[in-house]
Structures are given as structure tokens and as C-alpha cells.
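Notes follow the structure.
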Amino acid sequence: MAKLSNAVRIGILGASGYTGAELLRLLARHPQAEIRLVTANAKAGKAVGEVFPHLAHLGLPKLVKVEDADYLGLDVVFCALPHGTTQDIIAKLPKHLKVVDLSADFRLHDVGVYAKWYGHEHKAPDLQKEAVYGITELARAAVQKARLVANPGCYPTAAQLPLVPLLEANAIEAGDIIIDAKSGVSGAGREAKEANLFAEVSEGVHPYGIASHRHAPEIEQGLSAAAGKAVVVNFTPHLMPMNRGIEETIYVRLHNGATADDLRETLAKRYAGEAFVRVVPKGAVPHTRHVRGSNHVLMGVFADRIPGRAIIVSVEDNLVKGASGQAIQNMNAMIGLPETTSLEQEPLFP
Amino acid sequence: MAKLSNAVRIGILGASGYTGAELLRLLARHPQAEIRLVTANAKAGKAVGEVFPHLAHLGLPKLVKVEDADYLGLDVVFCALPHGTTQDIIAKLPKHLKVVDLSADFRLHDVGVYAKWYGHEHKAPDLQKEAVYGITELARAAVQKARLVANPGCYPTAAQLPLVPLLEANAIEAGDIIIDAKSGVSGAGREAKEANLFAEVSEGVHPYGIASHRHAPEIEQGLSAAAGKAVVVNFTPHLMPMNRGIEETIYVRLHNGATADDLRETLAKRYAGEAFVRVVPKGAVPHTRHVRGSNHVLMGVFADRIPGRAIIVSVEDNLVKGASGQAIQNMNAMIGLPETTSLEQEPLFP
Amino acid sequence: MAKLSNAVRIGILGASGYTGAELLRLLARHPQAEIRLVTANAKAGKAVGEVFPHLAHLGLPKLVKVEDADYLGLDVVFCALPHGTTQDIIAKLPKHLKVVDLSADFRLHDVGVYAKWYGHEHKAPDLQKEAVYGITELARAAVQKARLVANPGCYPTAAQLPLVPLLEANAIEAGDIIIDAKSGVSGAGREAKEANLFAEVSEGVHPYGIASHRHAPEIEQGLSAAAGKAVVVNFTPHLMPMNRGIEETIYVRLHNGATADDLRETLAKRYAGEAFVRVVPKGAVPHTRHVRGSNHVLMGVFADRIPGRAIIVSVEDNLVKGASGQAIQNMNAMIGLPETTSLEQEPLFP
Amino acid sequence: MAKLSNAVRIGILGASGYTGAELLRLLARHPQAEIRLVTANAKAGKAVGEVFPHLAHLGLPKLVKVEDADYLGLDVVFCALPHGTTQDIIAKLPKHLKVVDLSADFRLHDVGVYAKWYGHEHKAPDLQKEAVYGITELARAAVQKARLVANPGCYPTAAQLPLVPLLEANAIEAGDIIIDAKSGVSGAGREAKEANLFAEVSEGVHPYGIASHRHAPEIEQGLSAAAGKAVVVNFTPHLMPMNRGIEETIYVRLHNGATADDLRETLAKRYAGEAFVRVVPKGAVPHTRHVRGSNHVLMGVFADRIPGRAIIVSVEDNLVKGASGQAIQNMNAMIGLPETTSLEQEPLFP
């Protein structure tokens, strides 16, 4: 695709994982962006096509080590490095760069909470103060002005998009939120681990990280801000035998006489103008396969048979709106482009 | 396998579906049972091996229409017919037969509740009074004396096994039980429906029957009896891209100062002598793949991060303990054989 | 997406199947096409979003019956109707329409061969003479001038793209071609059939249509033309537990002293200028997942251990280059647009 | 299960992989065998239930390092260690032990061929002379007298069972055998490798080891003996998105006027008395799912459309007849038990 001469020049750090592949796939067709740098330490020296044969035809630069990266000719950097290594690297980047960090390293405002859940002190607490937590639809103004955006986690995006407006509207109880989440395996990354082998994952399902998953404090941070008080949630993720997709079935207690229909209406109003977030009609049920490969989020609301309760169903593609798609949406917002640029692709079904 | 001359003579009505196949698979090696009759209306006249090539070598009788069945030489009949057609057929069976019905037709004690959820009047209300609802471990004495056992639904088995003892122990609140259930596709049966095509189910997940699934009243019937009062539950099933297995993540509120450890201990004591039900150690997580193809149920208990709540994880193979395995377990109990007979096979992993 | 005022006006007949969905997905972003008509008899009256929730946001027209279609305001019609019903319908279409037919009804030049393999006389033999068999890369000039293009079958596209140039170059023997093909389940269509249920297809593989599949004569038609003599092939398809993708491993005997390297070079030259067809480097192995969701075809050539033989590996997405993508590529060629228009999307991995 | 006091005492070396799990699953119910030793170096010190939760209830011994194994109280040892490490270990075992080796270390009679394909000299050439290559049905008499059985590879078992009798009958040409093989991922073992991650394998298919897979010489060894001359085959394996199962579609040229029906009859006669090998009726198609979890092999023969050729379809479960099931079948033969002991389980479908 012919790029404009004044294209935004992009670097991707940690490009050999699934979120890296997804950044490359989506940015390849971005009319105002040009990929100039791709790093991947273990696979440095290889062509992108050796690591991702589906992208072999794109004419991308060779993979280099992150320490050999030349940032001078770049405008924007995406960081898709493992958690824990990113704080050091971002702290040392030239300050002219805009940065979207897909790791968890800058997501928690409170460095004490970070230290508790990630097991070590935060290495760049000053940068943390500057970082904007970027669920684009919920933080648009701040993202537009940001230099460093902490791109949200996959689970937290699907949870906060429906729950933040409902807590802000005081329509649900903050102390009784149960998030039963199901994720495709790509969310676990491309590292070779026994637990993620095909034969360990297919033809079965199981919960993991019960009451101890690191996305719980990230969700609670956003919900606490929305509720105006400390919120603790139940968050129970499950590993699905599928590549992509997150579905969250969220069980809430209604507040102030609200009904399930009220919740649906509140969400529909909140997201009426949004390109990527849709509230499905009463009775329709979101499936992860309705959003596969796209930046879309679908949500539905249902009355519970237990009086005073409701059920929210929220789906996204964990690699797109849950990671790389939202990262590009944030970049678009940061540099003044329409947020949908290069994210217009329809979902792939079947 | 050589059968005893005094073998129990078995008929299977509706043998061409997945629960029928599973009855055939498991009974084929039963040392004291002999399959004498297999019916399947749409496939009458065919050999079992045409309908189930994996069982072609067993030398089973040809499939006949249910109206052509000869019951005289039989001792036990398994009914694996569609819901709604079974009441008539069972009502007309000779009374010397012991019957295990795998349909929903005799599961609800209250024929009014049946009519409400199944859309028509119960056609055999007198037989309903005689039917024993057979989660074997919870109704052993009654099953042993029963002539007609209503074999429980797949979801209700995995839900009631952990919840009934906890409600009986008054350790959890009866009014705040949320059952997030995930099932393999075989639970939807072998009928050709667009919604169950491979391309509609694979690579995705979605809830269905939200607040309206017929297994909700079945679960509530058992929990109400255990709690000594009417219980309404949240029951939200999800369709998984896998053949077999049910996982239920059950969210409960603790009662009377009970802790998650107390719940685990209560369950461990309750099922200490059971061959098929195991409570996993603290920290271990049941997967559906740990029970695939077996009659086992695994359950674990976890403390919630929300104070005063706990999480129960329960898994089974929906076609075995959730259907045909439990049916054979019930038959064994009804005729005085060890319950484990022909159900000793270990789970198949991977 | 804003459409040009002089957009090509499109009708899609039979839009409720998987190839229909794929036409809608790809055309939705076509900058010079506008979907004006969508038919689906069994689902007439429904919104597209009820049949394909992943496309609910596109603002497409309601589904109507094919007999209620108004063709006056249209420029191009895609026919994605079942085999056998299409000849009648296309014969009655207004002659100003350009037509791309995705069924098998106009693929076989010889109506006698058609009658033999499809079990009834051809109903529009005059139209058959006009129809252009449209593997775009192999019939570009004819497609550009065509009014009616017979869009090739999924298997025949992946087979002929490598084999036709090799036969034309006289580099392989025409009488010893064995095509072992593997296809995702979406190739079997969306009709509810027991054989395509999730539980019948997943976790297993099997051949079908052995020595009797209707794509054999279609392949042989193209290969015979290329070889200049009647060719009979072995074509053995297998059903894969996956949604999308066709892989063909083709076993050939070398001719005239050609080597595997020669074959690779012949193909690389033949497709050097093509946007969608790529010959992978020596040693690289095409996977179906390298082309998922895209219009790409990858092919590789390998020396056999049996002297004088070679192995060709060819992959495509059966719903894109194997059906709807090639249909759009053909339409683009027919109306003078760049062939890649609306087909630029990169493959989706994982 | 109660074991006899004179049970055969078993050791399993390398029990933490998938073939190890399968040995444990099948032997658990063996009425005349008792598992006394299980080794697994990386997981030594753990309970079997930590490594294989589905077997936690079996009361098996703890995993120990192979160098800490005590062989004195054992009668039989199964070796499921990685290729290359086994020759040393088996050479040092006490000579009273009967040994079934599931690795490739003793499968090739010619140590020169071994060295060429496995990259190092054979470390126990004298033991190699003693080893019996054990496709049980083809080498029964030798297996019954053997002390050391080299258990065949998964692919070679499914290939040789149909091809050896046909070559012995001189019914097919030895120089034109093409084996297109498809295997489930469990065949690749439990080691953590990127290539076997769920997201790399699901929703796609690809060939691998084209013209270079180590099972080719193993197949050729058996076929050469049957043909009475050196045979070179085409063997092209493909990785399937499924856990278990091997399907081989074998393309052969008929010899001496034989027809496809003749081949079927030859095979049917050859295997008429066998418990595990079945030739399906004309027209029936073997699926891998017809043998899942069982020790069965199904094979069918079909006429090709190319005159003078035929197609053979052969299926097995790669972990059972392709590995651990055949290993137990061999042990049964070696110690004089019925070969079917503990292998009677029917296939699991779906």
C-alpha cells in the first residue's frame, strides 16, 4: 500500500508475539503509518516472514534486538514486551516519541498496588504519573493529549466498558460484582509453556488464577474511580479451547430501583456515538465469534431470575480491542487521526 | 465379552443419539448385562455399526422402531428419547421392567412446574409420583428400591452434587447462588440444527438460555429440598467449542461464619466413601479434561476476594456422569450390583 | 464507509450461507460497490443482522425472497445459491447484469459431463457457452470481457493454480497426478446436516467422496486443457476439524528431466506479478493459517524421496480465494477496477 | 481394582509424557499387572496426580528419577523416554527384565541406517540384534519369545498393517507407494515447544518433515522385508488440529491384475482372526474418531479413478495402537496373557 510521504513513523518493540503480529497486521494497511522498526530479541536477525509467514509479503524491516533499536527517525513506539521489562526501556526512550505500552507496567496508578501484585518495586514511578490508562472510549480527552498511554488489559477492557457507566449512573451495587470471564488461548502469549500446548488446552475448559489474577486490581482501579469508593470484585477467568475472543458474563445487583432494561438503556446512550462499542438489542446474545478479528465490543443486558439482579454479557477479540486494536485506536487519537483508521475491518465469521 | 447366562437383559429406546451411543459403549463391557433391544425410529432397519461405526464390532441387535419393540424378554429399559415423547411410552411399558429415563419427562416432582417449563400438561402424573430423581450419591436408598428412575440432567448433576450438602449444612446462603455453567456441544444432542454445526460453534463461546433454561427449575427443586425453603438460582449456561464436559463455576455467599475451607471439608466428608465423586485438595483446579470419558465428578472450593463469598468449581463428563454413566450407575443400584460395574474406565487425556 | 455516487450496484442471491456472509464482509468495505439487494429464501424478511450478527452494524438491506428481487437498479449480481437451482435463475436475469456465479452450475464446459456428475440435464446450455471459468490469474483476459463468470470451486482453484502452469510447461506427467486435499468445514455450507455437527467433525479427520467428488471433473477440465489431452486425476478430499482453509498435497511425476527446483521456478515466474499468488522459498512450508481470511494462495515445491517425483503444497482460504474473494476479484476485473480492491486485508493469525 | 498376588510387576520409565499417561491409564485396570515404579526426571518427587490430575485417584507410586529406580522387584519395564537416551539405559537394565521400548532407539535393524537418520552412532548394537520389532499382528511369534521389543512408531504401524500383507501377496507395486498421513498433536509429545502451542496448531493444517521424516526408513524397513527388495516410499505427514488419531491415505499402483476388491479381500483374510484390526466393508470410510481411545485399527480399500490404482485408508489412535496400547499388547504376548487384556475398552465417540 502506498504510504504518504508524511506518514507517521512507527516502531514496535517485542514484535514476535501475538500482539506484535496483530499490530503488524493492522498497521500494514494504515494509510498514514509506516513501520520502520521491529524488535524481537530471541529472533533478532530474522525476517518478519520467518517468524510470521502470513506477513512475509509486506516488505517489513528485519527484526533487531531492542538494544540495537534506532529511535531517531520514529514518531511513535508500541511496546509489546513482557511485563516487568518495559519500565526500564520506556524510561530511556527519547522524549519526542509518543508511546503506547501494551504491557501491564504502567496500568496501575498506585505503585504500591503494582508492587504488591507484580512482586517488585515500580522502576519508573515518575513516568507512571504521566501515563494515561487508555480505554479509549472512557478516557478519550486524556488519551488525545497523552505522550504515554498504558494500553489496558484484555479482560479489564471487556469488564470496564459496561461496568464503568453503570457505576457512574449508580445503577448497580459496587460491592457485589461477579465477573466470570472466558478467554481464547492467544491471551496467554506465544511463549512455549506446557500449559498452553494444544493437547493441554483443546477439548476442555477450566478456571485459573481464581481470586488471584492480576487483572483484578486493574479492573478494581477503574470501577473504584467510577463508584467513588473502593471496589473489590470477583474476577474468575477461564481458559477456552479457541484462539481468540473474550466473553465475560457479569453478575450484578441492581441499585436504586434500576431494571435490566434501564442498564441496557444507560449503556446504549453512553455508547451511541461510538464506532466500536455496540449494545445489542434486548434478547440478542453476543458471541465472541461476532467480533473475531475486529475492534468491536458487543454487550447485552438480561434480567436475572433472582429478583433485583441482572446479567451483563460483554465480548471482544482479546488481540484487537483487548490489545493491539485498542493500541492503534489510542495512537490514532494521540496523533489526531480518526480513531477508526486501519481498524475498519469487519469481523471474520466463521 | 462373554456374558453370564443370567445376565440382565437390556433394552435401549432412542439409541441413535449421543447418550444412546454412550449407553452402548459402557454397557458393551458390562459383565452382567446383555443388550437385547435397541430402537431408533429414523434409523430403524440399520445396523448399529451404520449409525455408530465405532461400535460396529460389538454384534449388537439391529435398530428397530420403538413401536416394534418386544419387551417380554427384557429386565431393564433405558429411555433416551426426546423430551415430551417419553411419558406416553413409559406409561405403556410392562410393569415388570425397571426403567431408567434419561429424558426430562419425570424429573420434576411438581407436574405444574413441569407444565410451565415444558409447555404442555404432564401425560403420566401417576407415574411421576413413583419416579425417583436419581443423583445416585444423593438418593441411593430410594434408587435401590425404585422401579422408575428419572436420570438427572447434565447441568443439574454437576450443580447439586456440591450445593446440596452445603445447603443441608446451612453453610451457604440459599438466596444468592450463581451458577455459571459451560458445556460441550454433545449436550445439545445429535439432531441436525444450524446452531450446532461445527462452523457455528468452534473458535468461540457464548451464553444461551439466559435466565430461561429448563435445568434451572430442576436445580432449584433439589436445592429447595436441601435448604428447606424455596430457592431461586441464577443459572447461566455457555456453549463451549468442545465435544464433552461440563464445568460449573458457582458463586456463593457464606453463611453462619463458614469459610471456604469449611465448605471443602463438608464436601470431602460427604463424599469420602464415594467411588466417583472427589473433592480436590486446596489449590488444585478441576478441568473438564480430568474426567473425560469417565463417570467421575471433581469439585474444588476457593475463597473469594469479596469477603464472605466463596467459589465452587465442579466438573463432569456430560455424557457419562451427566447422562449415560449415571444411568448405568442407577441401574446397578436398582438391581443390586456394585455401582461401579462397567464404569471403571479411567478418564481419557489428552 | 462513504460510497461513491457512481458506485457499482450489487445484488447477492443466496446471502445467508457462508459464502454469502463472506461476500458481505468483503464488499462492505469496497469503495466502489454498494450492496442493494440480498436474498435468502428461508430467512426472507429478516435483517442481515439476525442471520449474521457480526454484520448487524452495516446497514444492509433486508433479506428478500429471490422471486421478489428487483434487478432493475443493479449492475452486478453474485449468485451463491445451491447447485442445481442456479441455471434457471440466471437464465431469467436481465441481460444488462454482469453475473458471477459461485455455484457449480456453469463450471463444466461440456454439458454432458455436467449431466453425468450432477444427475440432471443442464437447463441453460446456451448460457453455458457464454460462461467464462474464472480462476482470475489463469483466465484474466476472458474474465475482463465476460458477462457471466463461473466462479471456480474451492478445491479446483487450489489444484489448478499450481498444476496448470506445470502441465503447460510439460514439466510433469499428466497421467500420474494425485491430489490429497484437506478442507475446513465451512466448505460444506451452512445447511443443517448431521455430518457437519460439531460433535461429528471435531477431534478427528476422514476422507470423503473418494474417487467420486464432483470437483474431480472440474479439475480435470482445466488440466486437460493445459496438457492438451484428456487428464484423469486422483482427487481425495478430507474433512478437517477447522472452520476455514484448504491444503492440497499434490504428488506428481516429473517429466522431461525437470526437477523440483525447476517446478518451483516455473511457478515463481508464472506468478511473479500477481498480488494474491505467492510461491514460497525452497524449504518453507505453506500452512492454511498463513492465508486465513485473505485472498492469498501460497504454494511450495519439494523433492520426493522416490526418484523422479515431486510434492506440491498449495493452500488457500476456501471461503476467500476458494469462493467469495475470487468472485470479487473477478467482478473487479469485469468492471475494470484493480483486482485487489476490497481484498487487501492481511491474513488473520492466530 | 484388586490385583492378583502373582501380578506382573511393572516399571514405567519416562511416565510424564502422553504415552506415559496412556500406559498408566490402560494398565490401571489390568487385572494381572501392578505398577511398582514410575520415573520422570524433570518431575521427580511429585505425585502422579500432580502431573496427571485425571489419574490422581489411582494410588500410584511417586515419580522418581530414572537413576534412582530400583528394578529388583520388577518383571517388566516400559521405556517411554526420549529418542537417543534409551539405548544406554536399556543396556544397563538387569537381564531378568522384559522390556518394551516405545522410543525409536531399537526399531531400525541396520545400525547404519539408524546412525544416518538419528545423527549419532547406535550405542547398543548388540542389544539391537536381540530386539524384536513389534507390530504384534505381523510379528506375533517373535514377540512372544522376545525379551526386548522395539515398539513401532505411530505412523509406521498404520502404514505397515495394510501394506505388508499386500506386498507379501505381490498385489501392489513396491516402487510407487505414497503415504499421505495426518496426525493429532499428541504425537508430538508433551515438551513445551512453540510449534505445538494451541494457537499455532488449531484452526489450520500443514505438512511437515516432507521427504525427511524419521518414520520413512522405519516404514521402508518393513515394506522392504515384505517385498523382498529395497522399497523407497513417499511419506508426507500433516499436523492436524486434534488431540488424537492418525489417518493415512495411501495411494498404490495395482500389480498382477489385482483390483481394489482383491486388496480388500487379501486384508480381510489376513486379519480375520484379529481382535484389534478390522477391514471395513466396501464403501465404508474409516474415521479417526471411530477408534479414539481404543487399540483398534480400521482400514478400507477404494478403487481409484486413475486406472490401475487403488486407495487405502487406515486409521488408529496414535497413543493407543500407535504407542501405549500396542506396547501393552506386546507385553501381554511376551508374558503369555491374552493380548486383549486391559485393552478391551470401546472407542470414545464423540
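Annotations for the structure displayed:
Residue numbering begins at 1 within each chain, and the chains themselves are lettered A, B, C and D in the order written.
One rule holds in what follows: a contact is a pair of C-beta atoms (placed from the backbone, for glycine too) under 8 Å apart; a residue touches a chain by one contact, two chains touch by 3 or more.
What you see is a predicted model; the values in this text were computed from it and never measured.
Under the contact definition stated at the top, the chains bordering both subunit A and subunit C are B, D. Relative to subunit B, the chain whose mean Cα position lies farthest away is C. Subunit C and subunit D have centres, each the mean of its CA atoms, that are 39 Å apart.
Centroids built from CA atoms put subunit D at 45 Å from subunit A. Residues of subunit C in contact with two or more other chains: 18, 184, 186, 199-200, 202-203, 241-244, 286-287, 289, 292, 350. Interface of subunit B with subunit D (complex): residues 1, 18, 21, 25, 28-29, 52-58, 186, 202-203, 243-244, 278, 280, 284, 286-287, 289-294, 296, 298, 344-350.
Contacts from subunit D toward subunit C in the complex involve residues 175-176, 178, 180, 182, 184, 199-200, 202-208, 210-211, 216, 232-236, 238, 240-245, 247, 249, 251, 285-289, 292, 302-307, 309, 311, 313, 315, 350. Within the complex formed with subunit B, the subunit C residues making contact are 18, 184-186, 190-194, 196-203, 241-243.
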